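Got some structures for you, see below.
Shared between the two complexes below is subunit A, which has subunit B as its partner in the first and subunit C in the second.
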Partner chain A sequence: MSDQSHIGHDLAPGEEEQHSVGTRIVGYVVGLGLALLLTATSFFIAGTDLVWQPSIPVALIVLAIAQMGVHLVFFLHITTGPDNTNNVLALAFGLLVVFLVVGGTVWIMAHLNANMPPMDQIMMRQ
Partner chain B sequence: MAMTATAGHAHADPHHIGVVIEHPGPAPKRIVTAYGFWIFLLSDIVMFSCFFAAYAVLSGQTAGGPKGSEIFEQRNVAIETVCLLLSSFTCGMASIAADVRNRFWFYLGMSVTCVLGLIFLAIEFREFADLVARGYGPSRSAFVTAFFSLVGCHGLHVSAGVLWLLTMMAQVFAKGFRADVLRRMMCFALFWHALDIIWVGVFSVVYLLGSGA
Partner chain C sequence: MLGKLDWSAIPFDQPIPLIAGAIVLIAILGVLVWVVVKGHLPYLWHEWITSVDHKRIGVMYILLASVMLLRGGSDAIMMRIQQAVAYQSQGYLPPEHYNQIFSAHGTIMIFFVAMPFVIGLMNLVVPLQLGVRDVAFPTLNSVGFWLTATGALLVNMSLVIGEFARTGWLAFPPLSELSYSPGVGVDYYAWSLQISGVGTLVAGINLVTTVLKLRTRGMNYLRMPMFCWTTLASNLLIVAAFPILTATLAMLLLDRYLGFHFFTNEAGGNVMMFMNLIWAWGHPEVYILVLPAFGIFSEVVSTFSGKVLFGYRSMVLATMAICVISFMVWLHHFFTMGAGPDVNAIFGIASMIIAIPTGVKIYNWLFTMYGGRIRFATPMLWSVGFMVTFIIGGLTGVLVAVPPADFMLHNSMFLVAHFHNVIIGGVLFGAFAGFEYWFPKAFGFRLDERWGKAAFWFTFLGFYVTFMPLYIAGMLGMTRRMQHYDVAAWRPWMIIAALGMAVLTIGVICQIMQLVVSIRNREALRDRTGDPWDGRSLEWATSSPPPVFNFAFNPDVRGEDAYWDMKVRARQQSLEHDRPEYQDIEMPRNSPTGFVCAFFATIMGFALIWHIWWMVILGGLGAFATFVVFAWRDHDEYVIPAEEVAAIDRVNIEERRGLVSMAGAV
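For the complex of A and B:
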């Protein structure tokens, strides 16, 4: 009841005519700043000797996911608002499929050799 | 009557946060259009995830050919990334200008977006042409096949985006800021920002992880 005023901020992607132009520009500037910062960190981390080497791939993936989040919030305007519920649910389902495809492929293919019988055993069975 | 009111209440307040918004009818066309296009973008992202999975599996299969660290130039990738990030920003500025019906800033934002997209495509095309000239074309090994498919597919999307961008400028020029043109402009902005998200995955997984391996 008291926060009736925040309704105007909960809008679907592209649906933001109730914002003032200034607010919207600031949103894009903040998004661009965060994205550039995360990109610069990624490129710096990839080529540096300052950190423990085996941690670099994990750091790169975490930075990439963080930057994707920044893009979703500041550029694609995915929010938690009522108008956005459908979009968030679709995004959740999309992410599920993406993780099943990528994770499942990498997992199975990485263990394929170990779980196969040696080649001569396959030959003998025939 | 009471039942209708209850049903309306439950619908309008799905999270029970106490803020009731009355929905007199179906959602505005703008929201429905954005939702449909968002579904398409997600299916596009799922398609890209297959290319990413193929690349992750095949990135070590070089068949005696070049490894990632031998063919990737981080400086070019950094320039490409900055181009795409800035173009996302200018695309956002253009869509704000379209919403407030300011022709000058709309054309300026779209033109800058177009130029940045073309710079990105030029750098990528030069990289591909250089690799092919050195004998590292897509048929050299499974690794470069996966590389050319994934990065090339993103490049094709950017090319299509540039064509769409020019179409939007032409439509605004010919038809003005009509409601349907504005909806198309909104879809274009979503498309362009989604391409940027894909590129974040490409430069992290392909170029930065690849040059470390």
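For the complex of A and C:
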């Protein structure tokens, strides 16, 4: 079906733009370096007492999000270019659904846990 | 050697399933023998079973749905009769059998009737409407269909080998846990849904990709027919929601098979989490089913009113709004579980908000009809019947979206009436409208209008006679799934509902008669031009049935209602097409991958249900090997030479030219 006409030029997830092998290798190496750096930092932060202790979870979350960003940009090649609209929209839709379902579940289950404890705990409260 | 399987699995003491199973088995064997003796087997194998043509796969999906509709309908008839006679008595169905019937009815109707019906119609029509030659992943499409068929087969096997779940169609724990359901019923349920769920997910990915990536020249997003939009929305929901179902059932299976405690009563399991997760899939599922139906009605109403769809952009917006909001309302299925006023209020409001885009759609259809020259052909009758019925169902839905009202009506017959009102009135009417509307496209001849209209009127009236009494019974306090009851006030309504079921059955018989009569009169009903309804979108621009490559040339789209536009231009300029340069067309080769893979999946599913571990490994390896063989294939396309394309296309052009000149004369 090679003669199927496509509208505009649009890249599939993971599809390569036309770059030379050298540029592509550099891209992957930089990505790998950043990913390793972020991973190492996370492990270091988790065990250190150099920073204020309550800030550690926040730092880990920030590092995790940065890690996702590195993966998206260097390995999955999600960019803001016009050839990437579908990928960006798909990502946004996925994030929205995950946010709704996970967020909603946490919220609902917290309320259920508060309102509907097992019978023995209801007895203890009274 | 055979795990839990032995002769006690076959219910020799229960005549109903055994006789039903025997009749079905004889029918299947009869058809098989007929096929083999008549020498149709090679045709069936090469043209249908291994076909990767989206039109053929669509037809097979619809065939599967129709057969399963008869099975699910028989369950419904048995339940209605049971409730009509089981006043102060046990009726004729023992409780454990009755419980299996209502569980199987729900499971079958949602997963193996409604889903394959809408996916079949999408498969059949969407590539044609987009003006392309096939879906994005043709072989994967075949795999998806056959895995769905595997699930259906496993559910039907449970009729004679073992038992089906007695837990209701969503298998709520702790009832569905091993301690309360030690039999194989829940395992049949869970594994058939796991396997067919993979098939559905695959179909969803395929159709999303098709709409996003394969459109003909000039087919912008805002020029796509409405059915393509609703297909996109519905399949986005499949891709987002079905993994939740798979994960939830996987956790239930871990509980049952490996002693986990996700949803058990003891050891820290949380039953409420199952309700939460299953409905996080379950509510989007409702919209997965009804959005394509909305798309079908949009096409039908616009065609038979002879007008452009009113408010196209608001329709697109409403569709996408429903797509997102459908993920924000799932708690309304368990208001009564006790999440408290804050949570209930928010989800109640969200549930009411989703009625707004739906209302927008209803008004758009009404305004499309307004001032149009309406032809009341059968598809249009189903559409108008839908609008009337769906509004009633929608309003009772808004009613139960109010948490205090829901506390009264939860789990009552009112709820049963409500969701049948929207699913029959919405999805099933939509499926029938689409069936009548696109049948000529798929097979090249129209369906008989007299029988079609009779089928509509019997189904329409039968629906009201069956389900309106259930609303009243619910108001009188009758809960759902009752095997017998002692309240005299409910009895008359149950008897009326059973009579309604008889009327509905006549509707189904009319539908079958319509098919028989139409096939016998097919020469008289032949559709030679490929455009029997004076259609507006591209599927009518090719012959009926379309050639395997759909279009000799990728059509050029210059606006909404692409084919209508072409017809108008052709009439105005009385275009003599300059002799087109035909070119070779490459099409995907047929592949038995889907069928073989599903064969092994069936073995694996059956073995998992009965704990036959060596067979599980065998089935798993077989399915994996099938994929490996497919992945290493050498030739995946074949070429249709230009001369053949030209020969096929010229016949159609001649017929069509006749039509245009006739229309010009009028």
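Operating definition for what follows: the second predicted complex is superposed on the first by the 90 of 126 C-alpha atoms of A that agree within 3 Å, B and C clash if a C-alpha of one lies under 4 Å from a C-alpha of the other, contacts with A are read in each partner's own complex, and residues count from 1 in each chain.
Everything below uses one rule, namely that a residue touches a chain if its C-beta (ideal position, glycine included) is under 8 Å from a C-beta of that chain, and two chains touch if they have at least 3 such contacts.
Source: prediction; values computed, not measured.
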item: Subunit B versus subunit C, judged by how many residues of subunit A each one touches; value: B
item: Which superposed partner A:Pro57 touches (first subunit B, second subunit C, both, neither); value: first
item: Partner chain(s) touched by A:Gly94 [first = subunit B, second = subunit C, both, neither]; value: both
item: Which superposed partner A:Thr105 touches (first subunit B, second subunit C, both, neither); value: both
item: Which superposed partner A:Ile25 touches (first subunit B, second subunit C, both, neither); value: first
item: Subunit B versus subunit C as contact partner of A:Asn86, first or second or both or neither; value: both
item: Which of subunit B and subunit C A:Leu72 touches, first, second, both or neither; value: first
item: Residues of subunit A that lie at the interface with subunit B and also at the interface with subunit C; value: 1, 3-4, 6-7, 12, 86, 93-94, 97, 101, 105, 109
item: Interface residues, subunit B side, partner subunit A - complex; value: 12-15, 18-19, 21, 27-28, 30-31, 34-35, 38-39, 42-43, 45-46, 49-50, 52-54, 56-57, 74, 78, 81-82, 85-86, 88-89, 92-93, 95-96, 99-100, 186, 189-190, 193-194, 196-197, 200-201, 203-205, 208-209, 211-212
item: Subunit B-touching residues of subunit A, taken from the complex the two chains share; value: 1, 3-4, 6-7, 12-17, 21, 24-25, 28-29, 31-32, 35-36, 39, 42-43, 46-47, 56-57, 60-61, 63-64, 67-68, 71-72, 75-76, 82-83, 85-87, 90-91, 93-94, 97-98, 101-102, 105-106, 109
item: Residue ranges of subunit C touching subunit A (in the complex, touch as defined); value: 132-134, 212-217, 219-220, 236, 240, 244, 270, 272-273, 276-277, 280, 324, 327-328, 330-331, 337-340, 342-343, 554, 583, 585-588, 637
item: Interfacial residue positions of subunit A with respect to subunit C in the complex; value: 1-7, 10, 12, 86, 93-94, 96-97, 100-101, 104-105, 107-109, 111-112, 114-116
